[in-house]
Amino acid sequence: MTKKTIEYEVSRTPELGMDFRPTEGVLSAAELPEPDFGSENMLINIGPQHPATHGVLRLVLELDGETVVRCVPHIGYLHSSFEKLGEYRDWNQIVPLTDRMDYLAPLIYNCVYVMAVEKMMGVTVTERCKVVRVICMELDRVFSHLLWLGTWAIDVGAFTPFLYAFQERERVYRLHDAFTGARITTSATRVGGMMADIPDGWAEGVRQFADTLPNTLDEVETLLSTNGIHLGRTQGVGVISGEDAINSGLSGPNLRASGVPYDLRKDRPYYDYETYDFEVPIGEHGDCYDRYLVRMEEMRQSCSLLHQALDRLPDGPINVDDPRVVLPSKTDCMNDMESMIHHFKLVMEGVKAPEGESYFAVEGSKGELGMYVVSDGGSKPVRWRVRPPSFVNLSAISKLVEGGLLADVIVVNASLDIVLGEIDR
Amino acid sequence: MTELVQSEPEGVGAHPTVPALREAFGDSILRHEVVAGDEHVVFVEPLRIVEILRWLKETPAHLYDFLSDVTAVDYGGGRPIQVVYQLYSIQHRWALRIKAELPISELEIDSVVPLWDAANWLEREVFDMFGVTFRGHPDLRRILMPETYAEGHPLRKDFPLRGRFTRAEQTRRALSREPKDYYIPADLEAGGEPQLVRWQETPEGPSEESNDR
Amino acid sequence: MSDDLKTSGSGLVGGLFGTGTPTFLTTKVDFVVNWARRNSLWPMPFGTACCAIEMMASAASDQDLARFGMERMAFSPRQADVLICAGRVPYKLAPVLRRIWDQMPQPKWCVSMGACASSGGVFDVYSMVQGIDTIIPVDVYVPGCPPRPEGLIYGLMMIQEKVRGESLTRHAEHRFEDPDQAGRPEADDEEVRALSGPFGNSTRQEESAGLVSEGGPATPRPLIP
């Protein structure tokens, strides 16, 4: 297991953080007796329509002065019943639902869903498809982290990184657009392969993106990593120990920032991730600043992964040669009756999955993203369950903010990188 | 390492934990299945679920310390609802799925929140969607649907996709809810016990004029 | 002071066209007011799901909504002119949306962005509002799933067109909303059915098959238990 500890360019000295409390003189906090105002705690409601809650999260906070005594999150304001809807859709028809679930990293969701179904059906995809999916997943990891970077910066009080991040995101949008025809709702995968092979020149576009993204990250890092306000607002805020983090089910960058080297790409490798050369950044303090550093480093690692995957992109078919799942070619359909009937049946009845079930998890951009599919032999699932990483991550928020200050709630919430579409499903 | 899970030959006992589990709990381990090639599913006696999961979590040789998921499956047709626990051992890199079957007439099982905090919201979601009651859960409320949702538990097979009420009725109900209804002041009183709020349809229904504006 | 700007005998300041030129323009009040309104619309982003990301993209570097006078996103409904409802609206969120609309001062407009907000989209399910027009009045629907930023900008320009054609004298009449009805559905049962019908038409099939019940009257829970 390769571990990597982030080298701090900045020493974590308290002087660097912003501390405005007078330490001596008449106002010295230590000398004043604790005033007793006999005050009551205050209830404050944030959301569900609040720009800093990243969607429609609602937090009810009980405050003692500025200190958060209790935090009760309310979710469900975006409950779109994906899982119920999935029970009324064919296996392939579910793909468009998956990218509407996490619209920050749609391709990862597309991929992991079909990977779970393929595992249940015992379909092995082609080598080319594997590499293309790896490219898709790494591209969208960057895509999602970039949005996190922009909103994170806004939440700690900086606006410029948002514009930088969105400039880079526009480039990913264009790549999505060129490959799948849509900017966000990609629906790029099908059981047994992709909806199409990658278009000409796309690989070069991705390579160029991976080449130049680190420059932008450098620029953003000069803005944030040593910025006094940023450090003061994030260091030592929202700390969670590794043990607590595991107990609370945190995964992904949030868990790794607490020092637990659990990354599914290394621990339960899929799609030959064990043969790629990359490192998993690990934090040591488990605070917001470490989560920031871990994500920044992850983006760089993803760029290197993108290069490696592009280098090994093999030729060959993108879809498996398995008539159970893959449509016959258009030419065949037009010219021969068998293929046409086959095409008709596959489209009208849908792919049929044998009885069984499967849980398949990958390292999504937010954490362990699992899909649990159960089939009774028909063309529709009995149950399609998503193991939602940000749902579980968010459930720890009370623990992270209680005892902290009100202003830190926003920072902690931003550092968890949640996406409400997937929390509420 | 990972090969243990990924490529060992199938068959009962291939998983390192299952024989030990059988030894420790005997008849409470009802069945063992291997699905999708390498995924091991163990059906256990629902009454002993906490005991079994605690053993799995704390026995040093197994250490399933990461609870990935708690969910449920309803196969419909009055068949029992399965509560599914996805476990993972970060140290050993083993995965295991534990299932407990609950008859539809008696959907109650002990909560595993004392073992993992992660189970808190996951169990609330199962309660909301399937109506499975978790005994000993600290705060068993609906989580995704509004607290006053009166149409039932949506992920049950007998629940129609578009709900039981008409759209007009659903809209009216939604708008007659005040956003601040979801405050639970008693829940927020400092040091107070979280209050269990359960929606119950009032038998005769409230007076008509209360909502006919 | 130069020569041609000398004060004339009548006390008028010399203008560009010589002494005594009137320093005013005649125009219609409607035109000026609408011109001002239309070029400084403050949108209130009510973003919930995927469409909100596209809304962010249209406000960010590449598309830059600020070009059209929407420099300032108003995150408070009290200071907003246009409600952009971007994304899915479940029934749980419906009272929130309605309240935000009620909190916005007149004159106000509403853009429904995306298939979900306009009609429920693919989510013809138990938890979703089938089109926000069953809850609040909508001025412009932007189709797409999600609409591209260009689409949203076009939709907002349609709002500007709409503003251009409005008249102050008839404003109260056009935009009247009964304050007693605040927080209540705009549409009655029949209208909701008609509105959600063409999209959620499967509801009707289920109705005729007797699969849905009308349900009892709504019962708000007492605020303090």
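When the chains are written out, they are named A, B and C in that same order, and each has its own residue count from 1.
Throughout what follows, a contact is a pair of C-beta atoms (placed from the backbone, for glycine too) under 8 Å apart; a residue touches a chain by one contact, two chains touch by 3 or more.
Computed from a predicted structure; not experimentally measured.
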A student comparing A-C to B-C should find more C-beta pairs in contact for B-C
Farthest chain from subunit B, going by mean C-alpha coordinates, please. C
Centroid from C-alpha atoms only, then distance subunit A to subunit B, rounded to Å. What do you get? 24
Taking each chain's centre as the mean position of its Cα atoms, how many Å separate subunit A from subunit C? 32
The distance between the C-alpha centres of subunit B and subunit C, rounded to whole Å, is 41
For subunit B, write out the residues touching at least two other chains, lowest number first. 145-146, 154, 159, 161, 179-180, 183-185
What positions in subunit C touch 2 or more of the other chains? 92, 96, 125-127
Please set out, as single numbers or ranges, the residues of subunit A touching at least two other chains. 48, 76, 79, 81, 84-85, 424
Residues of subunit B that touch subunit A when the two form their complex: 2, 5-6, 35-37, 39, 41, 65-69, 71, 73-76, 84, 86, 90, 93, 95, 97, 116-122, 125, 129, 142-146, 154-155, 159, 161, 179-180, 182-185, 187-188, 190
Residues of subunit C touching subunit A in the complex: 45-50, 52-54, 56-57, 60-62, 75, 87-88, 90, 92-93, 96, 100, 122-123, 125-128, 145-146, 148
Contacts from subunit A onto subunit C in the complex sit at residues 48-51, 55-56, 76-81, 84-85, 96-97, 100, 103-104, 147, 150, 162-163, 166-167, 169-170, 173, 183-185, 420-421, 424
Per the contact definition, I'd like the list of subunit A residues that touch subunit B in the complex. 41, 43, 45, 48, 58, 60, 62, 69-70, 72, 74-76, 79, 81, 83-85, 88, 119-120, 122, 244, 246-249, 260, 262, 267-269, 356-359, 361, 368, 370, 372, 374, 376, 382-383, 385, 387, 391-392, 394-396, 399, 424-425
Which stretch or stretches of subunit B touch subunit C in the complex? 145-148, 150-151, 154, 159-181, 183-186, 195, 197, 199, 201-202, 205-206, 208, 210-213
